[in-house]
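Should a chain be cited, it is by its letter among A, B and C, assigned in written order, with residues numbered from 1 in that chain.
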Amino acid sequence: MQTKRMTFPGRWLPYALLAPQVIVTLIFFIWPAGQALYQSLLREDAFGLSSTFVGLDNFRRLLGDPLYLNSLSVTTVFAVGTTALSMGVALLLAVTVNRLLRSRNLYTTLLVWPYAIAPAIAGVLWWFIFHPTIGILPYVLEMLGYRWNHRTSSVDAMILVIFAAAWKQIAYNFLFFLAGLQSIPQSLIEAAAIDGAGPVKRFWSIVFPLLAPTTFFLMVVNVVYAMFDTFGVIHATTQGGPAQATNILVYKVYADGFVGMNLGSSAAQSVILMIIVIALTVVQFRFIERRVNY
Amino acid sequence: MARLKLEGLKKTYAGDVQAVKGIDLDVADGEFVVLVGPSGCGKSTLLRMVAGLESITEGELTIGERKVNDLEPAQRDIAMVFQNYALYPHMTVYDNLAYGLKNRGFKRDEIERRVREAARMLEIEEFLPRKPRQLSGGQRQRVAMGRALVREPEVFLFDEPLSNLDAKLRVQMRVEIKQLQRRLKTTSLYVTHDQLEAMTLGDRLVVLNGGRIEQVGTPMEIYARPASIFVATFIGSPAMNLIPVAYLKERGNGLLDDLPPDTDLVGIRPDDLRIQPPDAPHLVVESTLELFEAAGAESHLYVRLAGSDQPSVIRTAGQSPVAEGETLRFHVVREALHPFNSASGKRTV
Amino acid sequence: MVEHRPLGNALTHLILILGVALVLFPVYVAIVASTQGPGEFLRGTLPLLPGGHALDNYRLMWESGLSRSSAPPAGQMLWNSLIMALAITIGKLTISLLSAFAIVYFRFPFRLFFFWLIFITLMLPVEVRIIPTFRVVADLGMLNSFAGLSIPLIASATATFLFRQFFMTVPEEMLEAARVDGAGPFKFFKDILLPLSITNIAALFVIMFIYGWNQYLWPLLITTDPDYYTIVMGIQSMTADEGNTPWHLVMAAVVMAALPPVLVILCMQRLFVKGLTETEK
């Protein structure tokens, strides 16, 4: 990895400059991660007085636990739903905004600010809108003949959390799609128009393929978001319910470890989550490297 | 002001790459020396070693009476003008000029006096409150000069300072730098790849190639007696023609008999190839005119020697005597021949 | 621009207006709800037009909060959020600037090792190591403190990388000129590098302030003393009493919780977009 052609001399100074970051990293990142790894191989007795080494038994149990497998599939549905919904809406909005010249900035301003809303707040907002007795949407749905109740229906609950999580993420995806669209040379679109492609054809044959790097990048980022940053959405609304229907992995780690005090299992879950994050990060960086090489 | 002395300077990079392979050079007090050579010849590295921006692997560097090998750039009492000017974009012109003085703990009014003085000399007084980005290329160049000037250093170092300017401005700044140096009489080391710039600016030239000195001398010495084939073709434009001695002898030119025996190549400057036969004894060479290039005050005739693939250039005033494709006969006097040995690359006399 | 038909333009605006409406709708509902009196919700559905109790609701929440929940007044929680967000932001910026400076402008043994060590933090979000991290903070006696709220979150691989990236684009000659001008590492950092980085710092400030303000899980874990509750996590405790939630007051708190970061984005939109798109590359 490069430095500058010329650097400052100094034997201790660089270490002193790195020290704050490295100390925080070691104490609050590396050490706890090591602890999680270690804990995942132990099992504590009921009173937390002694622990025994059980090897990979915690993992074996976990992968045989229907509740954990349920959580895995719930997380998958939630991540795919959130990603698809927020990226779809964002792409549509970005493509339309990109057609405009004068009002582009106005629309952009109106569309980007939900990025600032905390997931937990987004959750509370949609919880309120979907509130079975006083919410507006259930009222409308009832007129259409659907009785909404996210307290009892697992489908309704899943839709609620997906809406809340996706809504907040539209702004992010929108900005990246817009930047991606603006980097497509106008001459390509004009060339396609001269070649006789209509607007729809132009989009699917020129614009969409050229957006593929952005789309792929956003897919990874959105999956990471849905898996790890949405704890607040779940905790502030359904708390994993009803009947485990929205108990995504990060919520389950918290609930099992912090509320249920099952340390071995929670640590094993942490380790599995770390492996997922590492895999996603590697995918993301592989991809960035490739993009740089273009 | 000070004498600058380089003794056996070497620079070796990691992986045993030798950028500078032993340079000895003595720059007299107040002298303007230009380091010239093609890119990659080590001239910039050498300058940066003098500045203290590159470490010295071997050898000794003396400024004035001090050995400065291990001193920080700031302690060497040098000032440098960078190729891209390296002005601090967030500071005003005034602050750019003052920064080095402030760091050295000068008093406020002394800084003020020096900055005003330098600005007056360079005619940039009106730009003092502006930021670099509000200036044109030429104005930035002056600010960069000013930053060196205010320091009143022992030695000025210039790293291709004119290469980012357009042709017209470059000529103008060249003249100004020369005048300024004459006036201040500060020892100066100037790097360029432009042989014309080198010729016009330097009291002495140092032609570098492959990390070594090819030749040191005044511009006219180097032009008149290039020490090697490299120098011969690098200095002067269009470049010197090189013609094998064997080719000329074949054509029965007895004039060449007194050349040293190891001479197998002669160099002839384009202006020494005459279309009109001179009075003195001379060689006659036949060629085909391939292209005629009129450049205003002078013209260039690109020819190919008869019975050979050898291309050559003739510089002349006025029009071409023959049409393109026709035979052209030209003449060279004995004194215009620069004898070389192609194996060693050196001049033979 | 390739041809634009009037019909197409109308459709464009229609789609966008629908999109904006979708995005704005939840917040509109929240604002309307926060202006209602306590009785409005008993009648069933929420009215769609603002009521007249805005001032009362906001003042009540600001000054005394919800008496039935354990949350302190919103004013205090907002203050806590501000301190936490600023501490996280300034902490992240400071230590990232210093590390990037060390990595780019010095050569020293184990440089690459430290670079990777910082990089690894990207792969260990707090959500995946909740319990051991909580333990560390508890062992250090940092529960219920602003230090505990902020310090464990200030390591930042993204900011370090961004600054590293930016420092690499600063022309080499800038450092060389500064050294000829007699500037050592500290002077160079303070006089040249920091002023040159100011846009990047501002852009990251926006992103990190929002990150800090919106922390939820972390304050939830390490604060049990309401004096340290932040607004984003405090709201959750107000809705805990199912069926009996005073929604008009909760929504007033929601609006207050969302307002600061939203204002930051709206006022610094250009910096925000820059910070967002550049940190992710």
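Convention: contacts are C-beta pairs under 8 Å (C-beta built on N, C-alpha and C of every residue); 3 or more make two chains touch, one makes a residue touch a chain.
For each chain, UniProt lists the protein as follows: A = sn-glycerol-3-phosphate transport system permease protein UgpA; B = Sn-glycerol-3-phosphate import ATP-binding protein UgpC; C = sn-glycerol-3-phosphate transport system permease protein UgpE.
What you are looking at is a predicted structure, and each value in this text was computed from that prediction instead of being measured.
Colleague: Which chains are in contact with both chain A and chain B?
Modeller: The common neighbours are C.
Colleague: With centres defined as the mean of C-alpha atoms, identify the chain lying farthest from chain A.
Modeller: B
Colleague: Suppose each chain is reduced to the average of its Cα coordinates; what separation in Å results between chain A and chain B?
Modeller: Taking the mean C-alpha position of each chain, the two centres sit 60 Å apart.
Colleague: Distance between chain B and chain C based on Cα centroids, please, to the nearest Å.
Modeller: A distance of 57 Å separates the two centres.
Colleague: Averaging over Cα atoms per chain, report the distance between chain A and chain C in Å.
Modeller: Between these chains, centre-to-centre, one finds 16 Å.
Colleague: Mark out which residues of chain A touch at least two other chains, giving numbers and ranges.
Modeller: Within chain A, the residues that touch at least two other chains are 6.
Colleague: Identify all positions of chain C at which a residue touches two or more other chains, and write them in rising order.
Modeller: In chain C, the residues touching two or more other chains are 176, 179.
Colleague: Listing for chain B: what residues touch at least two other chains?
Modeller: 53
Colleague: Which chain B residues qualify as touching chain C in the complex?
Modeller: 48, 51-53, 72-74, 78-80, 82-91, 99-100, 103-104, 147
Colleague: Which stretch or stretches of chain C touch chain A in the complex?
Modeller: 1-4, 8-9, 12-13, 15-16, 19-20, 22-27, 29-30, 33, 41, 44-46, 48, 94-96, 98-99, 101-108, 111-112, 114-115, 117-118, 120-125, 127-137, 140, 151-152, 154-156, 160, 168, 172, 175-176, 179, 184-185, 188, 210, 213-214, 216-217, 220-221, 232-233, 235-236, 239, 247, 250-251, 254, 257-258, 261-262, 264-266, 269, 272-273, 276-277, 280-281
Colleague: Could you list, by residue number, the parts of chain A that touch chain C in their complex?
Modeller: 1-8, 10-11, 13-15, 17-18, 20-22, 24-33, 35-36, 39, 89, 92-93, 96-97, 99-101, 103, 107-122, 124-129, 131, 133-136, 139, 167, 170-172, 175-176, 179, 186, 189-190, 193, 199, 202, 217, 221, 228-229, 231-232, 235-236, 250, 253-254, 257-258, 263, 266-267, 270, 273-274, 277-278, 281, 288
Colleague: List the residues on chain C that touch chain B in their complex, please.
Modeller: Its residues touching chain B are 171, 173-174, 176-183, 187, 191-192, 195-196, 198.
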